[in-house]
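Multiple structures are listed underneath, in structure tokens.
Each of the next two complexes has chain A plus one more chain, namely chain B in the first and chain C in the second.
Let's turn to the complex of A and B:
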């Protein structure tokens, strides 16, 4: 029974660390994790455990380890003498955690290293201009209205509104085809 | 603490009069060419570059204020179809800080181009939102960062040059992952398809 609890607590700890460090969940604090998962453990011991798990997780995430690398890393850690190593139980918990969460953690790291605004949303509609107060027919025809939602990590969105006539849409499409061709050429190789 | 400016526009007039007649003429010409319908918009980045290579240092806000002021002056001048003399009188009425040299530049250019600005205003549609003037793109690969040693992530960056209803051109850039870009591309294809059927 105690083992199952210990396993659950470890998993909970790793998830909690990920929530705070990678998933931007500000509700998760060290105190919360201790209260919820290790209420009986002395403060200094919990702090040491928390720091150790956090450090290991960071090493694994920074190196973006694959399965083989992770196993090698964890094996080396279990062999460490003194207080610096990990128990077989902890190694197993880390391995399980990484298997299920590594994609999500990686997404988060990618987002963190993206400093230009990213495209958060796009809405559009096509109108047919039938008349203007100036009475000119020069601009009649379909008009596309587009709203781009742009924003940096942790900042509010900005909205950019644009209108396009058919000619402009086709010009843009042409450029996008060029981009796609570049992507096909380069990304294919990786 | 220095006293606040009695009128914000006096600051703009000061800055305009500090420009050499040639530089002022260039900036006015750029704006008038747009108001005459010959260019897509007023590119403040271009004007800024010109000023900088002429050794003039103005902060971004001050430059925008100058451009806005000139646009407004020329636009309202065109609307009322006033002459060069009338333009100068109006400017002198609104501020006593005008230098003779600057007023001469404005008088000359307005006398030459004012009529065409006036006729163009009837033709140009005013009700519009931003329009795309130019789009540049870049395909990059994020290799490594301090938080992750092997990012290996391709991305597309777009730089859009947009002309706003005021006539000023601004730049917006943003990044997309490859799947995001492909979805973006797909949306544009859908728009084109809809426009064809409408």
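Let's turn to the complex of A and C:
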């Protein structure tokens, strides 16, 4: 019974650390984690546990370990003598956590190195002009209106509205083909 | 039955714009040379050129008082703007002439108006007019770059390609933004879809407004 609780608490702790450090959840604090997960544990012991787990997660995340690397790392950690090692239980919890969360954590870390706003969303529509107040619209063709949603992590989005005629859309599509070819060359090499 | 019922409404619509009415009142004593000078300047203005200097010299060199001149210029500007709005298949030259005759505009001036509205200058005027429509900015320049982040301060081995785009818009603004590869696929797919929609729209002839 105690083991199940211990496992749950450990998973909770790892998730809590991820929320705070990687997912920008400011509601999670060290005190909250202690109160919710380890109310009986003395303060210094909890602090030590928290720091240890945080450090281990950081090593795993920064190296973006794959399954083999993680197993090797955790095995090495369990073999460590003294207080620096991890228990088999802790290793298992870390392994489980990383299996389910590594993609999300990696995304979060990549986002930390993005300093330009990124494209968050796109909406568009195609109109046909039937009349305008000043000109002869019967000769004009379809017009595409596009709204780009741009934003940085943690900031509100900026919406940029653009207009394209058919010729322009063609040009843009050509450039996109060039970009795709460039990406394919790079991805192929790595 | 009076003949006014059989005639189509004037190209100017139900109500004659006031500046055109006052123009026809003020066209007495205007000789053809002066009329043509003003017409040339008004056409220039409609093409988007700055004609303050020209207007000034016309005003200075003419015996006609400035106030009357301004009525004439305003009226001529309106006649041409309204005529350019209507596509040529709809606006017939004879009907246009009749409408101007009803406004008591002298025949010679009517001929001069016709030469602008139905002549080869018309395309330029139409193009200039469509520039003044409400418009959203368009993309004036579009540069891109594909980067691969090898390593970052947060991730030792990133190896993440991403696309950096820089757009300069017709209103002078710049937008630089990053597009992750997955979002780029999305973007490319949508642009292709837009093009398909535009092509389909043109094929649908019911939407070609025939007069």
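Keep this in mind: the second predicted complex is superposed on the first by the 186 of 190 C-alpha atoms of A that agree within 3 Å, B and C clash if a C-alpha of one lies under 4 Å from a C-alpha of the other, contacts with A are read in each partner's own complex, and residues count from 1 in each chain.
Here, a contact is a pair of C-beta atoms (placed from the backbone, for glycine too) under 8 Å apart; a residue touches a chain by one contact, two chains touch by 3 or more.
These numbers were taken from a predicted model, which means no experiment stands behind them.
K.L.:
Mind checking the superposed model to see whether chain B and chain C fit together on chain A or clash?
P.N.:
clash
K.L.:
Quick check on the superposed pair: does A:182 touch chain B, chain C, both, or neither? Answer first, second, both or neither.
P.N.:
A:182 contacts both chain B and chain C.
K.L.:
Counting only touches as set out at the top, which of chain B and chain C does A:24 meet: first, second, both, neither?
P.N.:
neither
K.L.:
So which positions on chain A get touched by both chain B and chain C?
P.N.:
Shared contact residues on chain A: 61-64, 106, 109-110, 112-114, 116-119, 122, 124, 126, 128, 132-134, 136, 139, 142, 144-146, 148, 150, 160-164, 166, 168-170, 172-173, 175-176, 178-180, 182-183, 186-187, 190.
K.L.:
Can you name the residues of chain A that touch chain B in the complex?
P.N.:
61-64, 106, 109-110, 112-114, 116-119, 122, 124, 126, 128, 132-134, 136, 139, 142, 144-146, 148, 150, 160-164, 166, 168-170, 172-173, 175-176, 178-180, 182-183, 186-187, 190
K.L.:
Quick check on the complex: what are the chain A residues that touch chain C?
P.N.:
Touching chain C from chain A are residues 61-64, 106, 109-110, 112-114, 116-119, 122, 124, 126, 128, 130, 132-142, 144-146, 148, 150, 160-166, 168-173, 175-180, 182-183, 186-187, 190.
K.L.:
With touch defined as at the start, can you tell me which chain C residues reach chain A in the complex?
P.N.:
Residues 81, 84-87, 126, 129-130, 132-139, 142, 144, 146, 148-149, 152-165, 169, 175-181, 183-184, 186-188, 190-192, 194-195, 197-199, 201-202, 207, 209, 211.
K.L.:
Quick one: in the complex, what on chain B touches chain A?
P.N.:
Counting only chain B, the residues touching chain A are 122-123, 125, 127-132, 135, 137, 139, 141-142, 145, 147-157, 160, 162, 172-178, 180-182, 184-185, 187-189, 191-192, 194-196, 198.
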